[in-house]
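Two complexes, one shared chain (chain A), two partners (chain B, chain C).
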Partner chain A sequence: MKEGFRQAMAWLHTWTGLLFGWLLFAIFLTGTLTYFKDEITHWTQPEIRSHAVEPARALDMAQRYLQANAAQSSTWFIRMPSDREAALSVGYRDPNGGRRGFVSKTLDTQTGQPVEARDSRGGEFFYRFHFQLQMPHPFGRWLSTFCALIMLLGLVTGIITHKKIFKEFFTFRPGKGQRSWLDGHNAIGVLVLPFHLMISYSSLVLFMYLVMPAGITAHYGNDTEKYFNDLFGGDETPAAAQVAAPLTPLPALYAKVQALQPGTRVGNIRVENPGDSNARVTLSQSAADHVAYRRSANWTFDGASGALLGQGKPESGAMMTAFSFAGLHMGNFAGPWLRWLYFFFGLAGTAVIGTGLVMWLGKRQLKHAKSSHLPMELRLVEVLNIASMSGLLLAVASFFWANRLLPATLEGRGDWEVNVFFISWGLSLVHAVLRSGRRAWAEQLALGALAFALLPLLNALTTERGLGNSLQTGDWTMAGFDLTALASGVFLAWLASKMLRTPKVAAKRTPRAARNAATEPAEAS
Partner chain B sequence: MLGNALIAFAGFAALCLAMEKHFSDLLGRKPRPGQLKALQVAGWLLLVLSLVLSVHLRGWAYGLVEWAAVIMAGVTLWVFVLPYQPRLLLKLAAVSVLMGPLLALFAV
Partner chain C sequence: MTRKTAGITLSYRLAVASRSLAALLGGYALASVASVCIALLAPLAAVDATLVGLMVSFVFYVLAFIWCFACRTAWQAWLGVLAPGVLMGVLSALAYGMKTP
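Right, the complex of A and B next:
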């Protein structure tokens, strides 16, 4: 039997969407949270206060601290505080200390002394999860990149399948069961399509060296570091000369960068062989300075004399294209308003996947509306839908609850927050298996509503930085997190109440639905 | 950015009204001859105007990105609020036609 091109595409859309939808939902939701990575970290480490500080002063503080505590170390790292990041982070290699021989500290930008903040991954956890999926390297990256490919495929096949893309461009008809789900799915997909296409295509660009490494390995073999050095103009650092030479003051190097390119914000600083005559200092431009994520925007100085040794290579057209896709994906350049829009478009992507999963099941459930039990395979999809969507929301909420409730002295506290995340996710799966579909949805959404809505209260009770304080002192990051949690709670409560109130959509919509069905036959999805 | 957002929002409102089905649903009457065409032209002109202003004010890199963001946000707001608050959206579109260029003008 020969089927049409559009039917074939619809089939592909339906089945790849189902198989990868659950994972894609999690990738999109955690990726969306990542647009507020620094803000989430700010909330999860309330001990770190933000103070306005001159970059030169911050650098001076970092240098003083590292000189006093890590003079023998081979490498120092400094991460500057910014509008979004309160912390001045310093790190250094120390063969005898820390995890994997690396020590990192957070300095208070007023005193220059380390802050004893609670151990938490914060926003970094969601960021890492959304492309590594808590799997060993490189499998998580491969799988998530493959999911991005499926998303791109889903978008293209979706466009082909969608018959009335222009005729129904402005169409959303709520309160009509399956029809409304399809309208919603199509509308969020089409209206935010530039974002969806950008985000899935750029994921492939971000990991192109991982998924299509043949060109690189043909020239460089296994020495991929040399490839990146050649590409981005990184210099080979000479070995320490074992001749002591005081490190040039870092604020002076910062001033040199400002003279070369006024207004530059510096993100990271790396010092090799500090205190040696072969010291090298590399200052990298903050990713917030350009739309394109320019990995080669850096300046390398001789750490002993303070002479400028090299600047990142000028970018070719191909590199700038790749950097632009990377920059658009990550949105480091976005100010507060654009960041919020990024966040909402991310939620839109999540919603496209979620509505698709719900529709797949809804269509097939209609055929079994009379019988009391769903066939095995549909029940499996139902359970996975519930656990992957409302279950994930519960897991996210649990992560934040664990952040406030786990004792600060607990060994491996940061790991335990992550454990709580996965344990809650697992429990929600068990719950979805035990309860009937609608009840499971309603109960998990209601619990999620409570968990999110009460987060501001929990914050106020366990820290001194609740809404009362944050609104008064103008700490908009803290207040923004609390208010967003509250809004999420209200939204989930609304969803839960919809699940509780209308046991059968069909009964309520009969008159209008019947009239509709006569005039416009539902299209294939 | 707000000025451009309002102009783009008004542009999409005009493009939506340029479709006969939406015109009669929203305004409760049949369009006069030529009216739909005029709305269509006006809609596209508003969208192009917001693009030109955005690039002019913010440069190519930021201008293009912000323009893409505000038009997506504007049209999504329009489509999903329309079934619930059509009158409010029509008023908002009318205000946007006036306020958008005004705000964009002051931002220069």
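Right, the complex of A and C next:
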């Protein structure tokens, strides 16, 4: 690194980008899908119908169900239906049942009875993969957080490398091979730069307690629980008094919250010691109601008398800063339009990473344009590029196909959807090894185009909630999913057709272009 | 390995490896010590000072990465990461000693 600062940063940008690009692509794509987590779950569990329901009525249903089925439990959880989530979810602790002593049920908001929906992780799968990478705890979180640091570093080194950042933003030279890729990479990178900076830094904030524990130890020693209590303002719940007392009606508590803060949307309700004289009920405001996570936005009531005991503690400035980053990252506050914007920004981030990977290889391939074989290390990058990008898209599509085609009675059905995802991903790697670069790209993209474009048809054939039905009944979540799948298919078909066309000879440059290239040193090389 | 990589010497490879380690491990140590130092010295409540320390630590990590690949030699990379780390370590020890006599 004897060259100047910019060249050194270009080098760092290039090599960290290559080493972590494949993983970052997967993290960004699944993270982008996660902005529609509830909507994806809605599609993967078509048995759960959404009905307009008054929150108070939904709460009454949940209380009735839990009273009848979990009267002995120590804790109840209720998750209210919302604009995005059709289900009324209830859960309760039961040492003898469910996974890890916890039972959860989805109630139909018309009948109040549990819905037997097909076993599927739905959007939760992409959400979990996004930061756990299907690895045992806590390694996935460590690795994904480190990837976020590399992304942040890539942004900073990218900005340093392209000091003519705004001039380059208005430069796009299409149809010029490698040059066009670079222009695209720069334009998308700069256009959504604030989003990119926010999203990579905020992921560090989300997991800083895990990856930077020294700062916590400095003040709290080994008592990290105290840190979290200080941070989230957890209050102590008294132990059950073992004196039976009927639980106050939850809709009445909901009304009290409405009187305290009109228009509040309630997200979660937690009941401790139900049916005991020491019962505590906490109603939390929905995350959709504010940008930052709010520890203050909850109200705790005495479950026996119904008296308000207190509200969550107010946030300090430092907390609001950290909580705002967390809220901005997850985008729970976003309405439909902003949610779509998040989605497209996420796609842009994915595209910046993808174009970077393609460019790294393209630049080096030029030197070997005349020989029929790539050197082994370049071939390895090519195979990994194909498998990590078009292969991942195929895996996502397979997940949705598996969701519609696996029999509902299959043992461990939800796990099998995930297995199909990874098996398809693995097969795409094998395919990329066996086929030449361009053929592999074209074939995988074409197959991906078909797989996505046919999803609406598959949905219409296997459920009663195809596009015809969803458009007629105004089920925009269902229709939105089908239409997005269709659009993705069209986009992938366009990419595949570009790959199928014979490549332009990259060496054929006009003298002017060559001169331009010579006067622009040190762009990510 | 010889065909394309001729011209890249072993000492260059070792220097790059050394810089990478300085960035990865030295940078992490620096960021960690910075979070402790800020957490102990910031005139805020314990939880707020800790939060600020954790949030700012990543700036040090990114700067360490940049330094390790921008400086002239691999030795400078280590020095530039460890020297401020030791300095903040001493500061933290002093602050800790004053808080818990």
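A few points about this structure:
By definition in this document, the second predicted complex is superposed on the first by the 491 of 525 C-alpha atoms of A that agree within 3 Å, B and C clash if a C-alpha of one lies under 4 Å from a C-alpha of the other, contacts with A are read in each partner's own complex, and residues count from 1 in each chain.
The criterion applied here is as follows: contacts are C-beta pairs under 8 Å (C-beta built on N, C-alpha and C of every residue); 3 or more make two chains touch, one makes a residue touch a chain.
Computed from a prediction, not measured in an experiment: that's the story for all the values here.
In the overlay built on the shared chain, the residue A:P194 is in contact with chain B alone; chain C does not reach it. Of the two partner chains, chain C is the only one touched by A:V156; chain B is not.
Partner contacting the larger number of chain A residues, of chain B and chain C: C.
Of the two partner chains placed by the overlay, only chain C lies in contact with A:M9; chain B stays clear of it. By the document's definition of touching, neither partner reaches A:W494: not chain B, not chain C. Touching of chain A by both chain B and chain C, each in its own complex, is seen for no residue at all. Residues of chain B that touch chain A in their complex: 1, 12, 15-16, 19, 22, 61-62, 65-66, 68-70, 72-73, 75-76, 78-80, 82-84. Listed in rising order, the residues of chain A touching chain B in the complex are 169-174, 187-188, 191-192, 194-195, 290-292, 328, 333, 337-338, 341-342, 344-345, 348.
Listing the residues of chain C that touch chain A in their complex gives 3-4, 19, 31-33, 35-36, 38-40, 44-55, 57-58, 61-62, 65-66, 69-72, 92, 96. Listing the residues of chain A that touch chain C in their complex gives 1-2, 5, 8-9, 11-12, 149, 152-153, 156-157, 201, 204-205, 208-209, 212, 214-220, 227, 230-231, 316-319, 321-322, 375.
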